[in-house]
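Consider the two complexes below, in which chain A is the common component and chain B and chain C are the respective partners.
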Partner chain A sequence: MSLERKDEHDHDGWMESRDLTAIEEIYLTVLLWLDRRLRIVDYLEILENMYYKVNFQMPKSHTEQYNLDNKFWYWYPLYALGSFSTIAYVVAAISGALLGFYYAPGAGASNGTPALAYNSITFIMTELNFGFFLRSLHRWSAQVMVAAVFLHMLRVYFTGAYKEPRELNWIIGIVLISLTMVFGYTGYLLPWDQLAFWAGQIGVEMSLSIPLIGEWVAQLLFGGFTLSQSTVQRMYILHVFVLPFVTTGIIAVHIGIVWMQGIAEPH
Partner chain B sequence: MVVPDAVYKRVTVFSTLFAVAAVVGGFLLLDVATDRATAELSEVQPLVALAGLGLIAIGAVTYAFSTRFRADGMGNAKDETDELSDNG
Partner chain C sequence: MSDNDNSEEVRTDGTGIVPPDDETPTWSERKTRKQGLARLTYEYFERSRREDQDLRQQSSYVERDVLAFPTWPHEMIRNLALTSFFVGMIIFLSAALPPHIGPPADSSSTPAIILPDWYLYWSFGLLKLGPLNPDISLLGGQKLMADRTYGVLANLVVVGFVAIVPFLNKGSARRPVEQPFWSAVGVSGVVFAFTVAALSVKNLIPMDSHLIFDLTFLLPVLAAFLSYAVLRTMREGYMFNLNRRYYRLRPPK
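What follows is the complex of A and B.
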């Protein structure tokens, strides 16, 4: 891709050959002069070219080839659920990054004083400008993402889109729905209110119930067998550092494979 | 006025750009002059307000003027006054 000018139209020669009024001639001369300096049209043509390349389509879809649109059209709105999940993820990422400016992961002492984490949530919800809005946006986009990812999985299952040659992407999708739920769980614990605390307690006990490696898992994820500062800290780092990189990377692969293989038609 | 494709593209891109910038800029000036339409009549800055209205008009005229240039095959041939009729 280069900005080399391919064919230089002989504007001046053309203009002399036409019978233009003075205003028309000045107008065109000014615009053509500007274009020769700024080359906006060339940049727009590059964008146009890229648009057509990005939207390259396979020749004919399954439903077009066998004229099945009359049987399957009602599935098509559900084909938007993958994009919907991605949009919810992006909204959660942006609002989450903004919340990160105001949130601090700190558990309370055992004497009953509210935790630092809980206090920062209180600050966001009651004093920060647009704080209530920001946290609501983050929570709702998270809820929407979980719902959309689940419905996306149902759509893929019931239209048979998981079948060969797309098994690999189905498996990646299972990994992604699991990561989505881990995202949700780690975020659920961050306010460190009663809801979060007892959900954390359930998490520790679930980890401990795993045969053989249970204690190791509880240590790794929750920083011990009882909830403490380590728990909040670990949930925070998982939520804002580990999971975002891992999940974003796998989503990129997931979407990249869809792009390469094309959208699956109903079977 | 039918012009070559290369000229048509440049006219469209730059005219649209100027028209949009002028109209938006005009409204910004109007806002400034009238303090977002909240100023008392005596506190309106007449020169700035007129400049704003003028800029909006310039934007509209620029856009209208640019529409007289067409690429080959656009518009209705019967409206074409550029070609001389030899009466059959």
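What follows is the complex of A and C.
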């Protein structure tokens, strides 16, 4: 590196050689002055690129090419199920983050007296302004998400969209549907009412009956072989911390692969 | 470079490439200089690019016009329109039907009905397949594993089977009419999900529990046979239409 100035393009000589009007000359002088300092040309190039990308002429889709739209349009809602479950997931995430301000995990003695978790749910449902709507929105969007994910899987199965280049995404989808159900299960336990308690009981027994690693799984997920305070706490952390990160990441990969490969249509 | 007197002039259209000095390696030099795995990757990509090009130049290779339906903008715009309607539906439902809270948890009183959420009914039903757990005569009529373990294993088997479907069903068939067998498998799977869910709540259904257990396995098979028969029948007409359309578009030489 040296402090000497690099050779500059002889813009002034070029302007001399052209026969320019006064307006053109002033315009070019200002433009050159600004461009030397701000590299406007680069930004103009970016704009130009964007213009061509926005107005990009898409190739004809399969349905357009063979004029199948008249036979095909009523299947479109089934093709939107993947987007639909993603949107429902976003709605559940937003309403869940708001619910998190008011919910506290606490099991108490589980002897029929309302514990901390149950009391906070009661507070949300009866006293908090729009609390019932918030919880309702969270629950309904979760239900709708699970339903949409199941129907999405059926659509993909019956249109053969899992075939040749898309096997990996099918397996990622299996992982995602399982994670969605685990999400639902952990959320189902959080109110700590009778249904939650006995569903948790089934969960503990299921994990205990896994060969070899059953007790370890029960310890890890439920914090012991019987339901207690640590069960609710672990379900809470799974539901609001672990699963959101994992699931969001895998959803991003899933959608990214769909984006790269395009939507498989029946042929 | 038609006019030599102008070649001294600098291009100002923004496409001029700044000449690198002697030590600056070009991009291709940088790529070829690499060692080890990076070098291998580079060579592989070059080879595969060459291979693609050769394939395209061969006259027998027909490049398809549309490989898939583009996600942007076609699919995204359509989906946004449809999903915004469904989000409205979610908001309406949640305003109209707030969820119920049961009595607080009580470990000393078991409720008559223990159920997970509806989407786990199938899994819950698979836990109750104990009667299918074989008694092996070599073990003196004892069961190889506990009924509970058997149920958890059944879950794993079902999920595992669904996961390997792409490796069992290959080929270019897409529509149900083009693959009656696998569509029948799918239909029986859906019906089995419902029947096994019914099995999980058999104490709520006013029916003989043995009958429910038998129907759990009979109905999916029946549905599979029916859908297979229907799809095979439809396939005749479908293939006729498909061939006619194909030969209209590409008349035989």
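Following the convention adopted for this analysis, the second predicted complex is superposed on the first by the 190 of 267 C-alpha atoms of A that agree within 3 Å, B and C clash if a C-alpha of one lies under 4 Å from a C-alpha of the other, contacts with A are read in each partner's own complex, and residues count from 1 in each chain.
Assume a contact is a pair of C-beta atoms (placed from the backbone, for glycine too) under 8 Å apart; a residue touches a chain by one contact, two chains touch by 3 or more.
Treat the numbers as computed from the prediction; the structure is a model and nothing was measured.
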Worksheet item: Between chain B (first) and chain C (second), which does A:S209 come into contact with in this model arrangement: first, second, both, or neither?
Response: second
Discussion item. Let me test your reading of the model: by the given contact rule, A:S230 touches which partner, first (chain B), second (chain C), both or neither?
Written reply: neither
Worksheet entry | Larger contact residue set on chain A - chain B or chain C | C
Worksheet item: Once the shared chain is lined up, is A:L28 touching chain B (first), chain C (second), both, or neither of them?
Response: first
Worksheet item: First (chain B), second (chain C), both or neither: which does A:H11 touch?
Response: both
Discussion item. With both complexes superposed on chain A, which partner does A:I40 reach: first (chain B), second (chain C), both or neither?
Written reply: first
Discussion item. Show me the chain A residues, by the header's touch rule, that chain B contacts in one structure and chain C contacts in the other.
Written reply: 9, 11, 14, 41, 44
Worksheet, complete the sentence: Given the complex, residues on chain B that touch chain A span 1, 3-4, 6-7, 9-11, 13-15, 17, 65, 68-69
Worksheet, complete the sentence: Per the touch rule above, chain C residues touching chain A in the complex are 9-10, 12, 14, 65-76, 78-80, 82-83, 86-87, 89-91, 93-95, 97-99, 101-111, 114-117, 119-120, 123-124, 127, 145-146, 148-149, 151-152, 159, 162-163, 165-167, 169-176, 178-179, 182-183, 186, 190, 245, 249
Discussion item. Applying the document's contact rule, which stretches of chain A touch chain B when the two form their complex?
Written reply: 9, 11, 14, 20, 23-24, 27-28, 31-32, 34-35, 40-41, 44
Worksheet entry | chain C partner contacts - residues on chain A that touch it in the complex | 9-11, 14, 41, 44-45, 58-63, 65-66, 76-77, 79-80, 82-84, 87-88, 91, 107-108, 110-115, 118, 121-122, 125, 132-133, 135-137, 139-141, 143-144, 146-147, 150, 154, 157-164, 166-167, 170-171, 174, 178, 181, 184-185, 188, 191-199, 201-202, 205-206, 208-211, 227, 258-259, 261-267
